[in-house]
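Note that the chains take the letters A, B, C, D, E, F, G and H in the order they are written out, and that residue 1 is the start of every chain.
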Amino acid sequence: MGIFSSLAAKGNNVLATRAEEDVFEALAKTNKFPKARYEREARAIVLEQKRLTASKMVLPIVTAGTADLPVAAEAKVTAEIMGQRTELICDVGVAGLHRLLGHTAKLQKANVIIVVAGMEGALASVVGGLVSCPVIAVPTSVGYGASFEGLSALLTMLNSCAAGVAVVNIDNGFSAAVTATLINKKIEMEQ
Amino acid sequence: MGIFSSLAAKGNNVLATRAEEDVFEALAKTNKFPKARYEREARAIVLEQKRLTASKMVLPIVTAGTADLPVAAEAKVTAEIMGQRTELICDVGVAGLHRLLGHTAKLQKANVIIVVAGMEGALASVVGGLVSCPVIAVPTSVGYGASFEGLSALLTMLNSCAAGVAVVNIDNGFSAAVTATLINKKIEMEQ
Amino acid sequence: MGIFSSLAAKGNNVLATRAEEDVFEALAKTNKFPKARYEREARAIVLEQKRLTASKMVLPIVTAGTADLPVAAEAKVTAEIMGQRTELICDVGVAGLHRLLGHTAKLQKANVIIVVAGMEGALASVVGGLVSCPVIAVPTSVGYGASFEGLSALLTMLNSCAAGVAVVNIDNGFSAAVTATLINKKIEMEQ
Amino acid sequence: MGIFSSLAAKGNNVLATRAEEDVFEALAKTNKFPKARYEREARAIVLEQKRLTASKMVLPIVTAGTADLPVAAEAKVTAEIMGQRTELICDVGVAGLHRLLGHTAKLQKANVIIVVAGMEGALASVVGGLVSCPVIAVPTSVGYGASFEGLSALLTMLNSCAAGVAVVNIDNGFSAAVTATLINKKIEMEQ
Amino acid sequence: MGIFSSLAAKGNNVLATRAEEDVFEALAKTNKFPKARYEREARAIVLEQKRLTASKMVLPIVTAGTADLPVAAEAKVTAEIMGQRTELICDVGVAGLHRLLGHTAKLQKANVIIVVAGMEGALASVVGGLVSCPVIAVPTSVGYGASFEGLSALLTMLNSCAAGVAVVNIDNGFSAAVTATLINKKIEMEQ
Amino acid sequence: MGIFSSLAAKGNNVLATRAEEDVFEALAKTNKFPKARYEREARAIVLEQKRLTASKMVLPIVTAGTADLPVAAEAKVTAEIMGQRTELICDVGVAGLHRLLGHTAKLQKANVIIVVAGMEGALASVVGGLVSCPVIAVPTSVGYGASFEGLSALLTMLNSCAAGVAVVNIDNGFSAAVTATLINKKIEMEQ
Amino acid sequence: MGIFSSLAAKGNNVLATRAEEDVFEALAKTNKFPKARYEREARAIVLEQKRLTASKMVLPIVTAGTADLPVAAEAKVTAEIMGQRTELICDVGVAGLHRLLGHTAKLQKANVIIVVAGMEGALASVVGGLVSCPVIAVPTSVGYGASFEGLSALLTMLNSCAAGVAVVNIDNGFSAAVTATLINKKIEMEQ
Amino acid sequence: MGIFSSLAAKGNNVLATRAEEDVFEALAKTNKFPKARYEREARAIVLEQKRLTASKMVLPIVTAGTADLPVAAEAKVTAEIMGQRTELICDVGVAGLHRLLGHTAKLQKANVIIVVAGMEGALASVVGGLVSCPVIAVPTSVGYGASFEGLSALLTMLNSCAAGVAVVNIDNGFSAAVTATLINKKIEMEQ
């Protein structure tokens, strides 16, 4: 919280991920940063103090199941605090392909896509096969038994038969968002 | 080879899997079983001595990539020596969904399907989502690095988000074929 | 619970697995689905609204020890909500073979069998050797130390020397039941 | 070979396990130990120079499949060079229980039993359940895929639900034989 | 508790391991088995109803550190309820060899020894090298970090360079005691 | 080789990775594709038939040690056949920081960087901390012992404390190059 | 606490690591050791009864991030109770090299350095490359997902490409401090 | 070999580890470095061109078994080319404690000790308990089955209950020697 305060005091936009709600409440009680808000699903404290230029392109964040939402939400708030416009495409796991295929056009327009999936993590390969932009894949620890806390999804994504898929740590929505944002910013910077 | 000979001498159909070609050649030189043949891709010696009633339904054996063919071939010769009619649907990995989707009708007619895939093994989940029959999934050791000799595909298949997918050992085309054949025989026995 | 309600509102039979009792109690307080009941051992909420045609054949669910019962119970409620008649054969682990062998006749009549076992998981191989129908094996996380949360039983079942054994995820009674039911329905559909 | 020679020179019985045949041939060429013989299956060089008092009880060495024979043979030559009478009971894997059950009486008379099994290694539990003497279990690296070079059989045996089963290293027929012999000698010493 | 009661009702000696104290208290409140007692360190409920003939030989149970005592205590109550006289030799880990060596004479007289050790589990090899009787080794989950919940000690013991060491599951004092007792009973039976 | 030929016959640029030299020699003997060449270090067959527009930006491919060169070379030929200009920056492992720091300016100009490292794989984090563009990290199987065939480098890279690092499969120079090229093309397309 | 008391009673300096605060409070209530103090971050009880000669050289304890502080603090109190002067250099992880490089001169003067790092653990290699004294590396369990409770940092450190790096158990600040102190004492003893 | 030549050309002492004999022979044929020699057991090419001041203290290198000698030999040539006097103490594994204990006085005089052991790797703990100097432990890949290519010995050494033991990579005699030499040099530098 010390780090948060010192960054915030300089007028920056600040993001604290993996923060429990009671940390936010303690911060709120100080009344120092009335614009700070708590994003419950993402478990993040967000403080927007500077207005950001919104990105031109929308960054799609695709999830396999509803249980993957907290990780997707972390990716979303991270990308947004860095200026990205995002769209969450939920619950389009590979066992119901039609739901995913309905979003094909939208996905094919993106500069870069974040795919969030636990259990068998097959969604990254399928999305990777549908588009020609890079895919940043986030395995999640959703699952049980032989998912081994996200190992299954991690290995799946690393072995993706679709080229152009790169992977971040299990449940690391933050790092996926930073990587995707860096890519998108480089692209839009050139325009 | 002793086991092969003693089974063959009783007039049975005999299958020896995981047999190198030189074993077959040694057998061939004995001239005892002139009808024995070597299936190179499947690495199997096959001896059909009894005519089998062919199954009514075709058993689809679906593979993700050409490198998975030896395991698929083992499944095929195993199922056939047990009387199944089979159809090999090759190279329909999830990175090129359209190729797989072109076979949807055929897959939806089957009583049971064998899916053979290495690397990320996502094909089992996708097929499982397209059909309402049981899927017997065979992870293969195809891949390198983080495929860990088939572990990646194995975990993927065990964590399949599509219900109705059951898994056999890595590279075990034989066991998948036996399981699928047992299912199909039970079904056709009832007719 | 939203998903449960929306499925239930359409008059379907609904099953929610891995649901804690307080979720059921919250549901019960709404008084919307008075026919919903909580299956404590299976940790499942069950709502039967449509009468199902009962299957002709009984689906045996065989467990190695009493500690495996919750997973077996999940398989049982799942199969029953899909119309299967089931029989739970409990505590017939391989260290006391006579108990298992007393059920041989019953097992040999089945179309398909579910075997639920933790620790060393040897029961699947032994049952597989006694019958000629497919066996769906469910490793459980029962055990400690070198059972590594079900890994031991999982590997045992994947390496079964009995052909015709296929495996689902650790503790996944649901998926075993769906697979077994799909098989049995295909068979009875043909009659 | 230096160690072998120096032990042999003292008139001891000597056993060299995990020795390739060419090592034996080199030894044979020296003509120093004409009574030394090579046990091919066990991959062992054996030199009996002292007559041993044979044990009263027979030590049963039970194997699941023919592929386990080399490890069983190592156990056999080790036990014999230490004076044990042994009996090899082969190919009685759990998928064909009747073959094993035919040996029940013999097993129940033993002071201690060695069980050698790869793949799923379930034989140790089943034998352990049939007898009331200690069982020394040797997992073997027989198998492929998810047998992970003997890990599957090792975990199975460590998790045995039958009490009285203790385990040695994968493929370590030697250590099993030493342990079993120590037990048997203690017993017969008391008589 | 049902199992406990039914065994106890027959007048047997009964042992319930891995039982929390509240289970014992519930049992005690029933007043059915006033002789039942709770062994806190071993986490076991013990009911001795039949007088046992005490074994002639003492069974040494050797532990590396004080943290291994609960597992050693489980072994001790198990062996005692089966009639063994035991002696606990504590805190003689290999980092202080002199403490262990002070017990050498005692250890060399035993018929069989139980060694209980966590962390690096080296004690089993060292004891095995000092004696010529079988050693039953119990790895414990004592340790942290790279002990991986007992895996380190388990692997150490399986790889023991001292012959005659056999291993049971992590923390399984019960199984070690049963194995050691079976050995000792066989020996004393012969006298 | 069939796939290579059919792609080549259409006048495409074709790349076959993980191809041994004898495969190339067989291809060369057919005289069909005289422009095909073999890149020994990369173990790739390359056939450039169409002239590509060279990328404006140079893609740096950074390696920790000389043993990582084959994987870096695979990345290099892959990126080049897709039109990228590349620069190989070799042997700048973290144990000699000054060598790496000498390239800082060059790295900070890039749109995207490929980092190839085995053993402890720390280079990806260090490069990631020096730049503000995305880093595609390739763990290699270089190392021995506890490198576990690349697992060590893989885990290191996934846990990178520098944001903006995404990872591909062990030794997968191909996939890293495709991902980096997709990013760079998106960027230059916008210009 | 018995061990603590008996050591303390002899007038020794005593250190109890991995002690929760309530243990200290119980000790404090006894009023026996009024000079005992609780080091909260290190989770250690410290009792200095004998004045120590302070070491001439300062022992640097370097940490990658603030989350590694508890392990660094354990190393610090351990080294200090053994007479070492220490300096904690915090939060100099490899993603921000300039912070680390600012301490180069200080590090190059040391006799031995302790490096504490979790996540990817790359700091040990980088420090090892900057100095010519031995580095004792402590992996920590800081991280999540593919850090696998410290395994990632452990493997990184074992595979360090900088020579002169030796590693202790995950989170084992105590052992690192003992090793470093032994080294430093040997050096200063010679002076 | 290029690196070797360029270092050698400057008149340095050069050591190339993990070099097969044919590499040395190729080097020898060039006649450029007639003083270069091949150390077969260590698999190292050694070129001493500068006379080194021999260390005052002897560095003991202790091995558990003869199979560990190649790694010990690598440590020995490495330490010697850096000026250390060394003494190899062989085959003093913990299963025969008296052999080790006979060297106690010698070990207690050392500044630092290298311990090389495979299989269960217990030697490091036992030596660590006998001395008060730092111990650098090298796990080796000697063993089979559950030694998992050195993992067993590695974990044992990391979990050593003796303080003052630090560990290097599996089979890494080189790094152990560098670390031990750095320690010893610091000590003797002070004299």
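Quick note on the criterion: a contact is a pair of C-beta atoms (placed from the backbone, for glycine too) under 8 Å apart; a residue touches a chain by one contact, two chains touch by 3 or more.
Predicted model, so just to flag it, every value in this text is computed and none were measured.
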Worksheet item: Hey, which pair has more contacts between C-betas, F-G or F-H?
Response: F-G
Discussion item. Which chain has its C-alpha centroid farthest away from the centroid of subunit F?
Written reply: E
Worksheet item: If you average the CA atoms of subunit E and of subunit H, how many Å lie between those two points?
Response: 39
Discussion item. How many angstrom lie between the centres of subunit B and subunit D, each centre taken as the mean Cα position?
Written reply: 36
Discussion item. At least two partner chains per residue is the criterion; list those residues in subunit D.
Written reply: 145-147, 151, 154, 158-160, 169-170
Worksheet item: Can you list every touching chain pair?
Response: A-B, A-C, A-F, A-G, B-C, B-D, B-F, C-D, C-E, D-E, D-H, E-G, E-H, F-G, F-H, G-H
Worksheet item: In the complex of these two chains, what residues of subunit E are touching subunit G?
Response: 144-147
Response to the item:
Listed in rising order, subunit E residues that touch subunit D in their complex are 111-112, 132-134, 136, 154, 158-160, 163-170, 174-176, 178-179, 182-183, 186-188, 190-191
Worksheet, complete the sentence: Residue positions on subunit F within touch of subunit B in the complex are 3, 139, 141, 149-151, 154, 169-172
Discussion item. Applying the document's contact rule, which stretches of subunit E touch subunit H when the two form their complex?
Written reply: 64-65, 93-97, 101, 119-122, 125-126, 128-130, 143, 145-148, 151-153, 155-162
